Structure formats: structure tokens, C-alpha cells
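In the two assemblies presented below, chain A is common to both, partnered first by chain B and then by chain C.
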Partner chain A sequence: MASVDFEHIDKIYPGGTQAVFDFNLTVADGEALALVGPSGCGKSTLLRLLAGLETATRGTLRIGGQAVNDQPPQRRNVAMVFQDYALYPHMSVRENLGFPLRMQGVLKDEIRRRVDETAELLGLKHLLERKPRQLSGGQRQRVAMGRAVVRQPSVFLMDEPLSNVDAKLRVQIRTEIAALQERLDTTTIYVTHDQVEAMTLGDRVMVLRDGVVQQVASPQKLYDRPANAFVATFLGNPGMNIVATSFAEDENGNAELDLRGQRLPLPATVGRDLHSAKGQGAFIGVRPEALLLTEPGEDSLSLPITVSSVESLGHEQLVYCRLPDPEQPEARALDEAMSDFDATPGQLVARLPATPVCHVGTQLRLAVESWRVHVFDVDGVCRCHGLGASAVPAEVQ
Partner chain B sequence: MDRVVRLVIYALLFLGLVVTATPLLWMVSASFMGSGEASTYPPRLLPSAATLDHYVALFSRLNLGRYAFNSALLATAITLVSLFLNSMAGYAFAKLRFTGRDRIFKALLAALVIPVQVTMLPLFLMLKQMGLVNTYWGVLIPGMANIFGIFLIRQYALSIPDSLLDAARIDGASEFRIYWSLVLPLCKPILVTLALFTFMGAWNDFMWPLIVLTDDSMYTLPVALANLLGEHVLDTELMMAGSVLTILPVTMLFIVLQRSYVEGIMMGSLKD
Partner chain C sequence: MRWAAGYFFVAPALLLIAVFFVFPVFSAFLLSFTDFDIYSLGNIEYLRFVGIDNYINLFGNSRFWTALGNTFYFVAVGGPLSVLVSLGAALLINSKLVRLKTLFRTVYFLPVVTTLVAVAVMWRYLYHPRYGLLNFALSGIGIEPIDWLGDPFWAMPAIILMAAWKNFGYNMIIFLAGLQSIPDSLYEAARVDGANRWHQFRYVTLPMLAPTFLFVGIITMIGYFQLFAEPYVMTQGGPSNATLSVVLFMYEEGFRWWNLGNAAAIAFVLFVIILAVTLLQLRLQRER
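Let's turn to the complex of A and B:
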């Protein structure tokens, strides 16, 4: 077991594409870190750098405190589970599991013992003599895990190991991986583009975009206090709703946000900060489950919407609705900036109970408690969580 | 109508079969005829009394065993060495990253258009300078690697997923170990094809051994057979017996490996 340190890592591929920008991260000994981001964000590159399959253009990589930049993959003692499992097709399950041990020069009897032990752990005992092509997808996945586990590496690397498994099996294997991780207590870096996997398998989750870290935090914190609009919209299914607002001032000259004529008070410090960029407005973010079909309370805002479509999921319904277009030209200009974090201007999604059933075209008012509103500046950086009295200034990353 | 067309097609195919098989079958038949019987007019199809005299003569009088040994030794050595070198080069061109890889490969492919005959003289002079004329090495060295073999293996090796090689690297396998324990077994179908190709080519090769080997005791079967033609120009039956013995081993080999050979050719063509 070992800690992992990335220090100022840059990766530029031949041809000039830069996949990773000044990347810094420490993964503690025994920690499980989930790396999540859209495809092409550089997460697999980071894994390959750590495994030694790619070399860093700049910076230092440490495993267990030792710089490994110049070490070939063979000498790093990391194990990797690949997206396509990468099982050796001409070897039996037993030979596949024993291969890394054989390469380490472990004695035959010892290999046999450890392979049997691992097979027992992963429920592969009855499959040991089969070839990979005679196994189902889930079984292959388990053999791939076994091949990583059997050698007792200092770090586990998992490159989207569940993306080729069907949805039902994925849930089962996800639980198994979590249990295995708990049991082995080995430092694990888990790459995925599936945020549910990231949230369930990581002690901490890191969101990556275009080779740049967006936020590293515990799953709950990431969800409750996203550092920026990208993280907010990327996590959660559906992601956070983002709405453009413009600036206004109350009678005392304090900055407020104006959402379709409704005034949203800002904490003084945040207001001052944002005000220096006056005229540009700001975004507010609301999770779909924070939108309620109740009368707005004292500390709530109320959003007038028109239902544009409804997805019924049985136990709940996802109600897609539209806000009226903003009157202020600033807010309209902001709408255009929203494509940057994957949000559709003026569209909201509410996660509502299955009843009462909403119908397309209905006009409703949805209530949001003000502590569940997040404020983002024009660049998408989160400035505070909650409004007015319940506001908590966001940590600057 | 369909029936007629089919009949015509079968008739044509049968004609083709007769044209190609007759000389071969007659060769076998003539090798069992008594001396002079094959040259009678009108020609005979079957021996009047089958005899093994010519086969006995080949082995006892004409030292055919020695030539067969030479052929087997050279063909086997060329096959093994060229399989080893071609597969390493093909794999490297397909999967390893090194400067100038694609340019070197293109240059090699371009060299494919140069006819073998053109290279014979310079090659001979080089071997002469090295003192390898009239040695087994003189036959073996030029056959140790060939561009077509490298190309065939490269095309096949391209279909091996990179993740498999990466997995082996992470599992601690050295680059040679990856080639030996992973790439070679995965390339088996194409290797069988190439082995057959190379073995038949080396076994049947006439021109190069004729040029390089001068010592009678080093002759391969085709060269020895051609000599036989010169010395025993009238002894058709002996010639035929020699020919039968020459083509027998490769024919047997082909029949045994036929299935994987055809498979290999198909794969080579489909996997690029």
C-alpha cells in the first residue's frame, strides 16, 4: 500500500494536444479516489501516467513517496483493471490470474495457493479452467478484478471497469467492488464517466474537465456545495438547474439579484464582490429535488413556470418546465454563456412526487427554500450556497 | 436453363481439373514404369508392370537421401528463423512506438516491387565477399526475413488490442515476454500460414541454391533433380521418381495444414 502524489503534472501528446494541465493531487494511503468527468477530459490519461503507460511532459509522480517518473510499468507495482478487461484470450482463468505472479517470479506452489485464494474471494473457483471466451461479461469482469487483486499491488487503478457491463449487473458489481475495497484497504483510483459510480465508490471524488481539476471533495460535499456550475450540472441526474439573473439594489444600496422581477438578497461580502463586476448579472442554481410544488414559505422564492414535458418514472416524475424569458438584456446575454456548462437557458427540471400528475402546458408556481439556492458568478464560479440569512460563502478553490 | 448453365460450368471445371491433374498423375504413374516405357509411342498411361527400381536407384546410386536431408535442413531452418524474425519485426511495426516507424515500413513496402532476380547478383557478390558462397549459410541468410512476411504479420498484429499489451506490461512482463507469451500465441493462425508459405518456398526454391551451392554434397532436391536431368536425359522414369519424391513432403504438409492455411489467408485479408 502506498500514497500517490501528482506534482505539477503536464501531459502534452506528440502532435501538441495537451491532455493534462498543471495537475496536483495527493491520494492518501488506503484512500479510494474516484476521477469523474466527460469523455476526453484527461482522466484516463492520468491513470495511464500513473501506470507508466504514458510519460509526463512535466512534473513529478510519486508512489509511496518515491518518484516513479523514470520507472517502467513493470516496476511500479500498480495493478490496473481495463475497460475491456484485457484478459489474455489464450490462457485459462487460472493462468490469467497467475500471470502477474509468474512475472514476479513467485514459486509455483505459492501461485497456486494465491490464485485459489483470490478465486475463492471473487467466486471464480468453478471457472478456473475456462478460457475467457467461455465466460459471461460479469464473470470476465471479475477475473479482471482478480488479476489485479492477486498480486497485492500498492495501488489499484480502475479504468471504467463497469462500462461494458449491463445496467443490472453494474449495480451488483459496484457493490462488490465497494466491499472488496473496504476489505483490502488498498489505495484505489477509479476512473469513470458515471457519476453514480463515482459517488458510491470514492471516499473522495475529483471532477475533471479538459485536463483541469474542477473540484475534489467527499461525494456529499461535491453534491451539496459544488465549486462551480460545471460540477453542479455534471453531478446529479438530472443535474442542477442553472438560471440567469441580473443585478439590482435594495433601498439600502445592497446588491441583490433580480429573477424575473423577484428580488434575491445576497450576503454583503458576496454582493460586494459580485457588484464590482456589475452589469453582468449572475447565475443561480437549484437542484431538481429542491423545487417543490407547495405554497412558498416565508424564506422561499417562487418560480412561475409552464410545464413543457413530463417523464413519469413510477415513483416520481421529472417535470421539464420553462421560465418566462428575462426582461433584462443582461440576463439574456448571460443565457448565451450557459452552453459552457451544459444548461439550457430558461429550462428547469423538477423532481416531483408521482402525484399530483403534471400535464404539459399547465402553468404552475414552484417553491424553493432559499438555503437550497446556489449563486454562481458569470464565469460559473460558485460564490455562495443559500441566500439571505441562510447563505454560506463558497470556499475558493 | 439454370441446369444447362450449371452443366457447362461443371464441364469447364472438370476440364480444368483434367488439364492440371493429368501431368501430375502421369508423373506418379511414369515413376513406376520400367525403363524406356514412358518414352514409347503412343505414350502409355499406366505402367505395364509396376516397379520400384527407380526409387531404389535414386537412394542407392544417386544419393537422394543426402539431397533430401539438405532440403529439409535448409527449409526448416529458413522457416524457423524467418518466422521468428518476421514476427518480431511485424509486431514491432504494428504495436511499438519508435521514431521513423511508419517511414521505415513504407520504405520496406516500396522495396517489394523490386524483382528478386534483380537482387541476385549484388547479393551473390556480398555473400562471396563474406566467404559464404557454397555454405548452408549462403542459402539461409537471404531467406531469414522477408518483407511480405513482415507485412502479413503486421496486418494481423494490428488487430491485437493495445489494452492487452498494456495489461501485460503492468503485470510485470518484459517486452520480449509480451512478444513470446502473448503476441506469438495470438498470431498463431497467421504464423501457420506464413510457415507453410515459407517452407514451400524454401523447399521448392531452385534458382538461389543453384547459384550459391557449388558442392554436389550440399545440393537441395530441386537442384539435384535438375542435375539428374542433365546426366540422365533419356531416363524419364527416374526423373519422374525424383520429382515425386521432391513434391511429396510439401504436398503432405499442405494437406495436413490446409485448413489453417486457408483460414490464415482469409484472416490476413480481412483484418487490415
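Let's turn to the complex of A and C:
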């Protein structure tokens, strides 16, 4: 059991590629942290740095308060579950599980006892004498977990452990891992590109992009209060809708946003702040489930859209729709900037109940309650959650 | 008649196998029960069927036992030596610390593709009792010159050394392929599990190379049992039969003395020996 500290970590690979930029993070003892991000964002590198399979170019790594930069993997007491499991193919399940203990010089009887105990815990008892190739994918995964659990390490590292398991089994094993982590209460760092895994397995989730931390927060907070447009669009399936808007002023001279002629009031401080950058406009973000097929209420906006395609999922439908093109040239210019956070200009996705069925080409109005609208500046940084009176200023990261 | 079409299509291949494989092997087998010699070559009517006399004579011939002993010596010492050198070279070239890997791989493979006669000339210089590089080096550390190819005790080791040098590149390439097929993640897992370099070699590299070892072992053993060219070029079986191998003995019987019946019998005895040793090796591997 131990806490983990990354202090100003840089990692530059021999080829000159920098995978991690001035990375700082503290993982508390017993905490489960999920590292999530698109491929190539540096999340696996961080894990490998901690395991000792790579060395940091700059910065200090601490496990349980001890700097471990110069320690080889075998002295760090971390256990790692690999993406391809990396089971020793010539050893039986029993030998695989016992290998780390054997390397530590644990006595034979003790190895036997602990392997049996771990096998019991993971339901591997009847498989102990088999070779890895005689196991199914899910069983192999469990053996890989067992090999990490058996040595009672101070930190668990998991590198996309579910990516080689089929979809149905993944849900089951995900639950098992969560239960196991809960029970063992060992500090765990879990790398994944799957946001659902990250949300379900992490006490806290960290979103990483191009080696730079975007946000670290509890899963719910990350979803409800994204720090920027990248996090907003990365989490959720489909991710948050982002729409370009331009600036306007109300009769009192306060800054407002103009969305296709509709005025969106901003909190005074945010308005003032954004206003200094007037002319550039801002983005608003709306989760697909916040779009409703109802009459707009008192404190709602109403978006005129045309349905461009419909995906029926049985219990609900994903309705892809287009907003009319913006009239203001500045909003149009902003559209161009949107490719940066994985959103298509003018396109919205709504998660609607299965009925009434939407048809392609239909013109509809979708309502959004204003507290469910997020405002991002031109750089994609979130400024406030909600509009007007219901607005909550975003935390500055 | 559906089967007829199938046979029609495989007929050319079967015919080639029959003419160039089954027929020669079968006739050689028959030959080993006759006294086929240069006279029978002139007139087939001199050919006599002698039953298993050739085999009986062979087992009574002390030169055959000498040749067999020498061959086993060569296989037992040269085989493992060659395999170990190949493995060592492959490990070195595969190391992450080594630069110019392609160059070294090519250089180490060169002897394999070089003509044995050219190699032999060079090695005869190296082994020369008075001017040889080897003796020169030994004299540097105060060891008396050795007549490598002229001393019955040293002749076979000299042949073994040269054969190992000439052949290790071939097995090295096979070992390299074997090493490169071991996934990196296994080594990483082993490191995280607490394995040091020796442990990684002992518990990951060696077991993962087991199939390669079997293949290399059998191929090398079969090749080494057929030792011929090295002693033929370097020593002609001497001194005092110290490097006479089974195949060299067969060659002499067949093409120097024209006792082709005898030569055929030797060939089949060698075949049985190789088959037996191969099966033994397969069995040992499976038990492990």
C-alpha cells in the first residue's frame, strides 16, 4: 500500500518525441485512478514510467514517499496487468501465479498457499494445472489479474486490461475488477481509452491529451463540469455537442451570446471577461440527453433543427440534426476552429426517447434548459456551466 | 470414377517422386544385398546376390567401427558446440546494446555460403604446425606448437573447430528468428515480477526457444552425422584414421574400391542410426 507522486515529469523518447509534459499528480493510498485519453496521449507511457519500464527524462517519481527514479522494476513492488496479459506460455496457471513470489524468494509452501488463496479469490481453482493456451480470453485475463494480486504489491498498474476481451465479457470483468479493487484497497492506476471503463473503475478520472493533463476529477464531476471542450466531447457517448455563437449586447450593455438570433444571457463576470475578447464569439456545449423534444419552458432555449439521420437503439434513438448556418461571419469563423475538439460545425446529436420516431428531413425545435448549457471561450476553456441566473462559474484549472 | 481425376492431377508429381526418390533408394537398398562392383558394372551377369553378407562383413570391419566412433565423437562434441556458439552469437546480435546488427549478421553468415574448399585452404594455414596463426598465438602464451592436422589426438578437434566455425551462422539465423518472435511484453512482465537478467534468460528466453532448440538440434545432428567434406579436404581421414568418418568410409568403399554393395550397406546402417537418434531427441523433448 502506498501513495504515488508524479512531480514535474517529462518524458522525451530517444527519437525526440515528447510523450509527457511537466506532469504532476498525486494518487492517494488506496485510491483508484483511471487515466483516459485518445491513443498516443501518453497514458501508457506514464504507467510504464511508474513500473520502471521507461525512465523519466526529468522530474521525480515517488511510491510511498520514496523516490524510485533510479530503481529497477523488480525493486519497486508494483504489479502490472498487460494489455496482451503477457502470461508465460510454457508455465501452468499455478506457475504463472507463483512466478513473482518465486522471484522474491518466497518459500515453496508459502507460494503454494498464496497461489491457492488467489486462485480461490478469482475463481481459477479448477484451472491451476492448465497452460495459458488452454484458457479462454476471459480466463487468461483473470490469471493476469491473479499474477498481479498474488504478490500484494503496493501499487497495481493496469494497461488497457480489457481491450482484448469481447464486449459482453468486458462488462462482467469490469465489475469484477471494481469489486476486487474495493476489497483489496490497493492503490490502482488504470489506463484505458474507453471512457466507460474509466468512469466505472476510477475514484477519480484523469483525462490526458498529447501528454498534457486536461482535468482530474471524480467521474460525475468530469461529466457534469468538464474543464474544457476536449473533455466535454471526449466523455459521453456521443460526446457533448459544441455550437459556435457570437457576441451581442443587451439593452444595458451586458454581454450576451447570440445563437441563431436567440439571445443567451451570461453571468456578469463571465460576460465582462469574455467581452474583452469581443468579436471572437464563444462556444456553447450541450449534452445529447439535455436536448428535449418538448415545448421550451420558462428558462429554456429552443433550437431550430433539421433531422439529418437517425440511429435507433431500441430503448432510445440518436437523432443527428443540423442547425441553420450562422448569419454572423464571426460565428462562421469559429466553426473552423472546432475541428480541434472533435465536433462537426453545426451538427447536434440528441438522445431522445424511442417514440415519437423522428424522420430524416423533418424540421423540429429542440428545447434545452439553460442550466444544462456550458459556455466555452474560443480556446475551448469552460467559463461557466449554465446561463443567466442559473450559471455557475467554472473552476479555473 | 471421381478418384481418377485426382490421380491424374497428382500423377506428374508422383512420377517425379517415383523416378528420383523411390527408385534410387529402393535400388540402393537392393544393391546392399549384392556384391555389385566394377566387374558387375562392366557386365551385369557378374552380379551376385549375397544376402546380408555385406552387413555381416561391415560389422566385422574394424575400419567401420573406427569411422563410426569418429563420427559419434564429431556429433557429440561438434553438435552441441555449434549449437551453443550459434545461440551465443544470436543472443549477442539480438542485444539492444549492439550496433551494426546487419553487418555482424552478414559477417557471421558468410562462412556458411563460402565454398568449403576455399575455407579448408585458409584453415590449413591457420593450423600449419610452423607458420600457422593458431600455433603462433599459443607460442605467445608459452605453449609448444601443436601439429593440429597431423596429430591423431588433435586432428578431430581441429576438424570440429573448423566445422563449427563454418556452420554456426546458419543456426544463428534460426535462433535470431526464434528470439525475435518472443514478445517484449513477456520480458517486461518478468521484470515487473522481479526477474533479473539471468532469471529473464532462464525463465523466458530459454523455454520460449525450446521449439527452436529442437529444430536446430535435429537438423545439426543429421548434418553432422554426414560428416564428409571437411576430413576429405583437410586430412583424407588421417592421421591413422583419426578423422575417418562413416560417409568418408562409404565414399572410399564405393568410389575408390568400387565395392558399391558395401557402400550401399554402409549408407543404410547410417540411415538407421540417424533415424534412431532423431526419434530419441523428439521423445526427450516431448517428455520435457
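Everything that follows uses one rule, which is that the second predicted complex is superposed on the first by the 397 of 397 C-alpha atoms of A that agree within 3 Å, B and C clash if a C-alpha of one lies under 4 Å from a C-alpha of the other, contacts with A are read in each partner's own complex, and residues count from 1 in each chain.
Following the convention adopted for this analysis, a residue touches a chain if its C-beta (ideal position, glycine included) is under 8 Å from a C-beta of that chain, and two chains touch if they have at least 3 such contacts.
The structure presented is a predicted model; accordingly, all values stated were derived computationally and were not measured.
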Superposition on chain A - do chain B and chain C clash or fit: clash
Chain B versus chain C as contact partner of A:P89, first or second or both or neither: both
Which of chain B and chain C A:G64 touches, first, second, both or neither: neither
Which of chain B and chain C A:G388 touches, first, second, both or neither: neither
On chain A, the residue positions that both chain B and chain C contact, one per complex: 51-53, 72-74, 78-80, 82-84, 86, 88-90, 99-100, 103-104, 147, 151
Contact set on chain C toward chain A in their complex: 183, 185-186, 188-196, 199, 203-204, 207-208, 210
Of chain A, residues touching chain B in the complex: 48, 51-53, 72-74, 76, 78-80, 82-84, 86, 88-90, 99-100, 103-104, 147, 151
Complex contact set, residues of chain B against chain A: 161, 163-164, 166-174, 177, 182, 185-186
Complex contacts: residues of chain A adjacent to chain C: 51-53, 72-74, 78-80, 82-84, 86-91, 99-100, 103-104, 147, 151
